[in-house]
Amino acid sequence: QDTIKVGILHSLSGTMAISETTLKDVMLMLVEEQNKKGGVLGKKLEAVVVDPASNWPLFAEKARELLTKDKVAAVFGCWTSVSRKSVLPVFEELNGLLFYPVQYEGEESSRNVFYTGAAPNQQAIPAVDYLAEKEKVQRWVLAGTDYVYPRTTNKILEAYLKSKGVKSEDILINYTPFGHADWQSIVADIKKFGSAGKKTAVVSTINGDANVPFYKELGNQGIKATDIPVVAFSVGEEELAGIDTKPLIGHLAAWNYFQSVSTPENEDFIKKWQAFTKNPKRVTNDPMEAHVIGFNMWVKAVEKAGTTAPDAVIDSIIGVSVPNLSGGYSAMMPNHHITKPVLIGEVQDNGQFDIVSKTPGLVVGDEWSDYLPDSKDLISDWRAPMSCGNFNVKTGKCGGKGT
Amino acid sequence: MRCTIRRLLIAAALLIAALPPLAAYAADLPALVRGLGVSNYDELDKAIAKLAETGDPAVAPVLEALQAGDLNLRKSDGAVVVAKRAGSGWDLFDPLTGAALGPAERSAVERIRINNALRRSLGAALGALTLMSPDPAVRRSAAEAVFKSRDPAGIEILDRAIAKETDAGIRTAMQRARAAAVLNTDAPEAEKLAAIEIIAARGDRDGLGLLNTVVNATAPDAVKAAAREAIGAIEHRLALWAAAQNLWYGLSLGSVLLLAAIGLAVTFGVMGVINMAHGEMVMIGAYSTFMVQEMFRAYAPGLFDLSILVALPVAFVVAGGIGIIIERGIIRWLYGRPLETLLATWGLSLMLQQAVRSLFGPSNREVGAPSWMSGAFELGGLTITYGRLWIVVFAFAVFAALLVALRRTSFGLQIRAVTQNRRMASAMGIRTPQVDALTFGLGSGIAGLAGVALSQIDNVSPNLGQGYIIDSFMVVVFGGVGNLWGTLVGALTLGTINKFLEPYAGAVLGKILVLIFIILFIQRRPRGLFALRGRAVEA
Amino acid sequence: MLTRFLLAGLDTKAWVLLSVLAVLAVAVPFMALAVPPTSPWSLSMLTVTLLGKYFCYALLALSLDLVWGYCGILSLGHGAFFALGGYAMGMYLMRQIGSRGVYGNAELPDFMVFLNWKELPWYWHGFDMFPFAALMVVLIPGVLAFAFGWFAFRSRVTGVYLSIITQAMTFALLLAFFRNDMGFGGNNGLTDFKEILGYDIQAPATRAGLFVATVVALAIGYILASAVVSSKYGKVLVAVRDAESRVRFLGYDVEKVKLFAWTLSACMAGVAGALYVPQVGIINPSEFSPAASIEAVIWVAVGGRGTLAGAVLGAVIVNYGKTWFTGVLPEVWLFALGGLFVLVTLFLPKGILGLAGDLRQRLAARRSRAAAGSNAAKEATAP
Amino acid sequence: MTDPLLYLDGVSVSFDGFKALNNLSLMIDPGELRAIIGPNGAGKTTMMDVITGKTRPDHGTVMFEGNTDLTKLKESTIANLGIGRKFQRPTVFEHHTVLDNLELALKNPRGVFSGLFYKVSEEDRKRIEELLDITKLSPKRDVVAGGLAHGEKQWLEIGMLLAQDPKLLLVDEPVAGMTDAETEQTAHLLRAISGKHSVIVVEHDMVFVRELGVKVTVLHEGSMLAEGSLDTVSANQQVIDVYLGR
Amino acid sequence: MLDVSGIDLHYGAAQALRKVSMTAEPGKVTCVLGRNGVGKTSLLKAIMGLHPTSGGAVTWEGTPVTKLPPYERARRGMAIVPQGREVFPLMSVRENLQTGFAPIPRSARTVPDEVFELFPVLKSMLDRRGGDLSGGQQQQLAIGRALVTRPRLLVLDEPTEGIQPSIIKDIGRAIGYLRDKGTMAIVLVEQYFEFARDLADQFVVMERGEVMMAGAKADLEEGEVRKFLTV
């Protein structure tokens, strides 16, 4: 075997293709780059692309195919928790490695998965802090698509806001179905909620396609960022590329990376990316950076371990630290989450974000939220001897509450 | 802290704006402008304050440039300049005088960034500076800006402006701004009560928000009571309008459904093709719009507002043409086997999606709104967005045109004859292949038209069509297959029901309830709302 | 009498199919478990799981063909019954996790724990017992189908109207199951199963066992369906499909005729879903999506509507195609699959299985025409 | 006098204001063979629709065997009471063979489970052979009914009607599209089954009606215009004007 | 002049017409007779192009039309009244009649008065849907509709089926009148022998897809013909 295979498990068709196709391209680019540098362990890398077609059982099937048929050394893929949950048993059963690049609700830590996207504390909480401090927001609309990530994030945020003294009547929680396209009433409701004489902001965990009509409606109904700012966790440069952002200037997003980050690493990355895709306008976004970090971490860990054998890589990757694109280093923590800076950006008329705030240091991804009653006692540490994803510090046992 | 600074500076600005500008102040301006060249938001805020303090109307263009993001820092010497795009670099101008400073490299300057807080400060400062502007539109927005900033220091200048104002509408706006400011002071009770009255007369959400702050803040009981009463009145008024607003939302959602469904009412309703590729025709219409707009962006950016009008015929022809090709290539072999059209058109829809994905990429494409379709206006207590209004108008226009085409022309007669009995129609001398192709093309073309409209409110992505196909079938079937009026009434009914349920049940449950309603309704009327009856159908 | 009834319906096609299934039921577990992995005859677990999945789909297709092919009810919501069966099984599997969940809560599934549910909702009770869950697997889809059919058939909802309300039904269920408040795990659905009937769900032997169970279920489903369609009742079904009102005037109670087939079919779909879930390891609301149901219709159409073997064949072929295409042509496989559907409709109007019969007929026609010394005219050009 | 088998009293049906049946009353005795004639659109088919439950009348009652009001029952129940019908446009099960068409029509329990476990008995087989003979479809027994010519379908439908062995047969234009010889045969056939069964025949073929030689009812604009032997009614000037013509 | 020569026609594998030949001339009624299922309707379908033939040729007014689709034949002046009426069920009587406008020039697009003279009932039911008409009314509509196209060849498939006697007489008169105008060739398929005999100028008698006898009325022995109509 003279190549090392790397699996790419991103939907290229169906509802998720809109987001995931880019990640496949970025992975192809990273593999190509690495091969130019001579590959890994003296072997060339070979990308194996499959299409799980936004279909969750197909994700599991393709994961199994990658691991058993193609015998890939690691898999980079998935978007949304359900796809990850669907492949998780497969990776655990066949002891594969999965790098998951998208922000998620936390509440999970698997030995075989590396979470390079943001946990809620690396995105949601700093964003809310920013609004409360800088914009003096007192009233909150938590608007989300009805699925687990928004539900959990909003649960966490609700608990967090209440712990900061926000009253229940100052929090409005609203859920909409996937792909919700008619936002007239909800935007009007937000307007109404915002006319109670207190500074109001919207924290949006609205997912995917639903964002474009949402923002179009915001623009049409004239909700300006100076009146009611909206901070989003799922809206990045790719999503904005489909909207005329002029009416949206000043609305916010919280990520760990923006294309507008001005560091040499980032500029270099953008240049390579635009050259690779032969499109000088092609944008970059946060999950792409997550894959860059994850991929580099894997390469480093493999080189450290001298093998691609999963167990060895799992051991060697913890503590590995690689440059991120925003001018610092990200490190893989024992809980398989990574350290990241948190950036807040304001939408500009060119579809980019102006970074208006950046955490001074790096934030460690917190897999078990401190604001949920059942998880605050849990920690995860995959190093020997603990090697446990849900260690209960109260009972001192691995396995949740431990009954 | 910042609030007090702003209040001070606006007070100063207003005071001075009223006086003839003094040379002494003017002399400081370039230095103050230079002071904008900082990268820290707090310092920038202070610099803006200092600049506004001068009250010099010459400052207004500088602040406007900052607001628009045109103000830059020249890296070589730290000068603050206005930079305008010129080729790959910039043309620089002096922000105060407007004098040209020559070209510059792209990287020679750095934009002075602002955030929301600064945007608010700028709005307030500019509002005060421009209250006396000769341009009525500027004065009006200045009054709105002061209303929002509610700065007590503005009262005096407002008084003067009000005295000079000739336009009644703007004067009212100024009076309201003044009242808003008064409520933010320690003015005597009587004055505040008068102010509350003025605000109450405004009767909208903004007024409500303002009154709510009065109630939340410390104020004499009488004032609070008056404010509460005014709030009650406004809320009552708004509640009344809310029903009308819901009706409007329902109408507008209904017309979106109508647009999406109406092409299907032809291909499925009239021709009986279970057209699963209908959504993709809508998508093709949306992408045609995108293409047309790209052309405009590239060759005639000044005429961008016309792009949608050009997109309409283009989308109709493109989608219709593709429809005709599909009919000639595939559908025509399937007449008499309606169920198989499901299979073929499903396959087609997969292929069309992938084709668009391969051609245009998987992500969203930007379709802009022409200026006449953006923004909103108030009609009584209703907020009506132009985009939606045009979509409603457009949907009805398309419907009427189609109705005329099918009911009043011989082509319409032939379409119906062919779909009811193809062989017999042929024996009557009707060129069935032509009619079939044109009918399918017509349905597809209308779907393309719908795509133009939907591109204004939804994603333009390869998945666009998928979002509408189910709703479209629901509408056509609910209304009664083969009946155009049914499609119209069905779309509006479902839209309205949805919008009236949404506030109570939430968007998700609301949608579920609508679906259950459809299921139950079909039990009552097994052939839809406008069922065809009689032996003709039962046979 | 029952055996005679069951066996009466089997024709040659059926015997061929059943023999193939029997061979698979023996050979696949053997090749997967007993043959050393180095041998070319060894089957990977991937293949076993895939085959298991295809056969679950085949059972779904079979159930759909029963109502669509033979009774003319084009259900665009059969995925709902499949998914309900799947959820019933999923609930059992969730309960089997017990305290092995991440929070170690013996009572509540993980997703309830982190959304702060305090106790198990009433409708989750009983699912820790396999017999109860197994009963629910057929009962829940069955009862829903019965209720739905009872109203729809009595109101004489037919044709596209029926199709669209079945679609509305599955769409409503999709939205409902998406709601986290429903207590079925929302979008993430039910996953992370540990064991079934005390066996480790990931163990090769368990997988092989599930595969065999699926094959057996499919075979039973097939025998049952052929017995039904070849009985006189089956002929009534077809008569209802072709001329519903005429059947009424012969004195048959069309509502009951349809309701029986419909409910039976829903139960079969439920069983298919229940077998599917432990093999793919997840059930989430997307199984309710209208597109999923339409796909099932398409398997039947591809295989050949109105032939039971065709439904089975169609499901296996299309899904194998999907597996294969998404692996080798990840970027453009939709062209291949979409193209396949278009070509099948154009050139194989009776589906793949109809091809054989069609060829035979065409040949005969050509021969007799040739005998008449005539120039052949294209058949399809009849305007 | 025996009780009538079928008794229509004051039946009216209207479609969008158009009165297809207007206060129609009619009485059929057990074993009677009755011919009904009348202009096109007189309401003959509509009357059969009312009797078989296809159309609900606006007014009036339809009593079967004395005390069963048919207007309240659904089609299958009415059929099971013993009322069979042949449609004006032959409707048979196009995808079934001639044999299966007859089998489905045979008088047997109609339930789902009796259908599932039904096996053709010797008796049934004989009866089917008989019917094939009567309808002369023996050579086409295995042909799917969709492939039959128009007249053959007519015969098949008559066969199916006989297979049901109903107490009352409603026969709508049985000889349309048949040759004169066949017409004659059909008349014999209907005469033969009357006596044991009641039969209502609608036909425009006067030769056929004469052949039947029974009481004739003339419908016009939804109500009865004349009743009596064919000779009596054909002498009626009104009948000549609206129906028979010069 | 219509000339059918050596037509074969198949339904799938079954052959319904074998080398059928016949002619029809303007001003004459050609009557096709035969028992059920002998292929009369199939012959008419072949003439009108409603079913593809597998051999032989149909020539109309000197040009071969065998390969032409029905609408082209209609444009050349051929019209059919099909068995089973086949009116457009969801269209009003008026619209049904208007479908006949398709093959004729715009200036001629009116419903000829003779249609309403022949079938007054149509006039009173102009706005009723075709499918709601009684069987006999539909038959009248079907004939009227064919006349709207001002055909030079009129093909009628059992037009008396289900029609009340007085109207049968009217139809008979109508056919006679059309024939006597001398410009129209009429092909009539009929089971009702007396009716056919009164109108026919020439006969074609078929059995099992083949022509058994053909010729002018005067040349044919009535008994011979009848023989083919009895069982």
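Lettered A, B, C, D and E in written order, each chain numbered from 1.
Just so we're on the same page, a residue touches a chain if its C-beta (ideal position, glycine included) is under 8 Å from a C-beta of that chain, and two chains touch if they have at least 3 such contacts.
Note that the structure is a prediction, hence the values are computed from the model and not measured.
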Chains in contact with subunit A and with subunit C: which ones? B
Chain-touch separation of subunit A and subunit D, in steps, is 2
Innermost chain, taking as reference the mean of every protein Cα atom displayed: C
Measuring between Cα centroids, which chain is at the maximum distance from subunit E? A
Taking CA centroids for every chain, report which one is farthest away from subunit D. A
When the contacting C-beta pairs are counted for A-B and for B-C, which pair yields the higher total? A-B
Distance between subunit C and subunit D based on Cα centroids, please, to the nearest Å. 44
If you average the CA atoms of subunit B and of subunit E, how far apart do the two points sit, in angstrom? 62
Quick one: subunit D and subunit E, Cα centre-to-centre, how many Å? 29
At least two partner chains per residue is the criterion; list those residues in subunit A. 12-13, 146, 175, 177
Multi-chain contacts in subunit D, i.e. residues touching at least two other chains, fall at 15, 54, 89
By the touch definition above, subunit E meets two or more other chains at residues 50, 69-71, 132
Where on subunit A does subunit C make contact in their complex? 12-13, 49-53, 55-58, 60-62, 64-65, 68-69, 80-82, 85-86, 88-90, 93, 107-109, 146-148, 151-152, 155, 175, 177-178, 372-375, 378, 389-390, 392, 399-403
Residues of subunit E that touch subunit B when the two form their complex: 48, 50, 69-71, 73-75, 79-80, 82, 86, 88-91, 95, 98-104, 129-132, 145, 149
Would you mind writing out the residues of subunit C in touch with subunit B in their complex? 74, 151-152, 155-158, 160-161, 164-165, 167-169, 171-172, 175-176, 178-179, 245, 290-291, 294, 297-298, 301-302, 305, 331-332, 334-335, 337-342, 344-346, 349, 380, 383
What does subunit A use to touch subunit B in their complex? 12-15, 17-19, 21-22, 134-135, 146, 174-177, 179-182, 184-186, 188-189, 191-192, 194-198, 209, 212-213, 216-217, 219-222, 225-227, 229, 238-239, 241-244, 247, 250, 346, 348-349, 354, 356
Complex contacts: residues of subunit B adjacent to subunit A: 41, 69, 113, 115-117, 119-120, 123, 148, 205-206, 208-216, 245-246, 249, 252-253, 256, 353-354, 357, 361-366, 368-369, 374-376, 383, 385-388, 456-463, 466-467, 498-499, 502-503, 506-508, 511
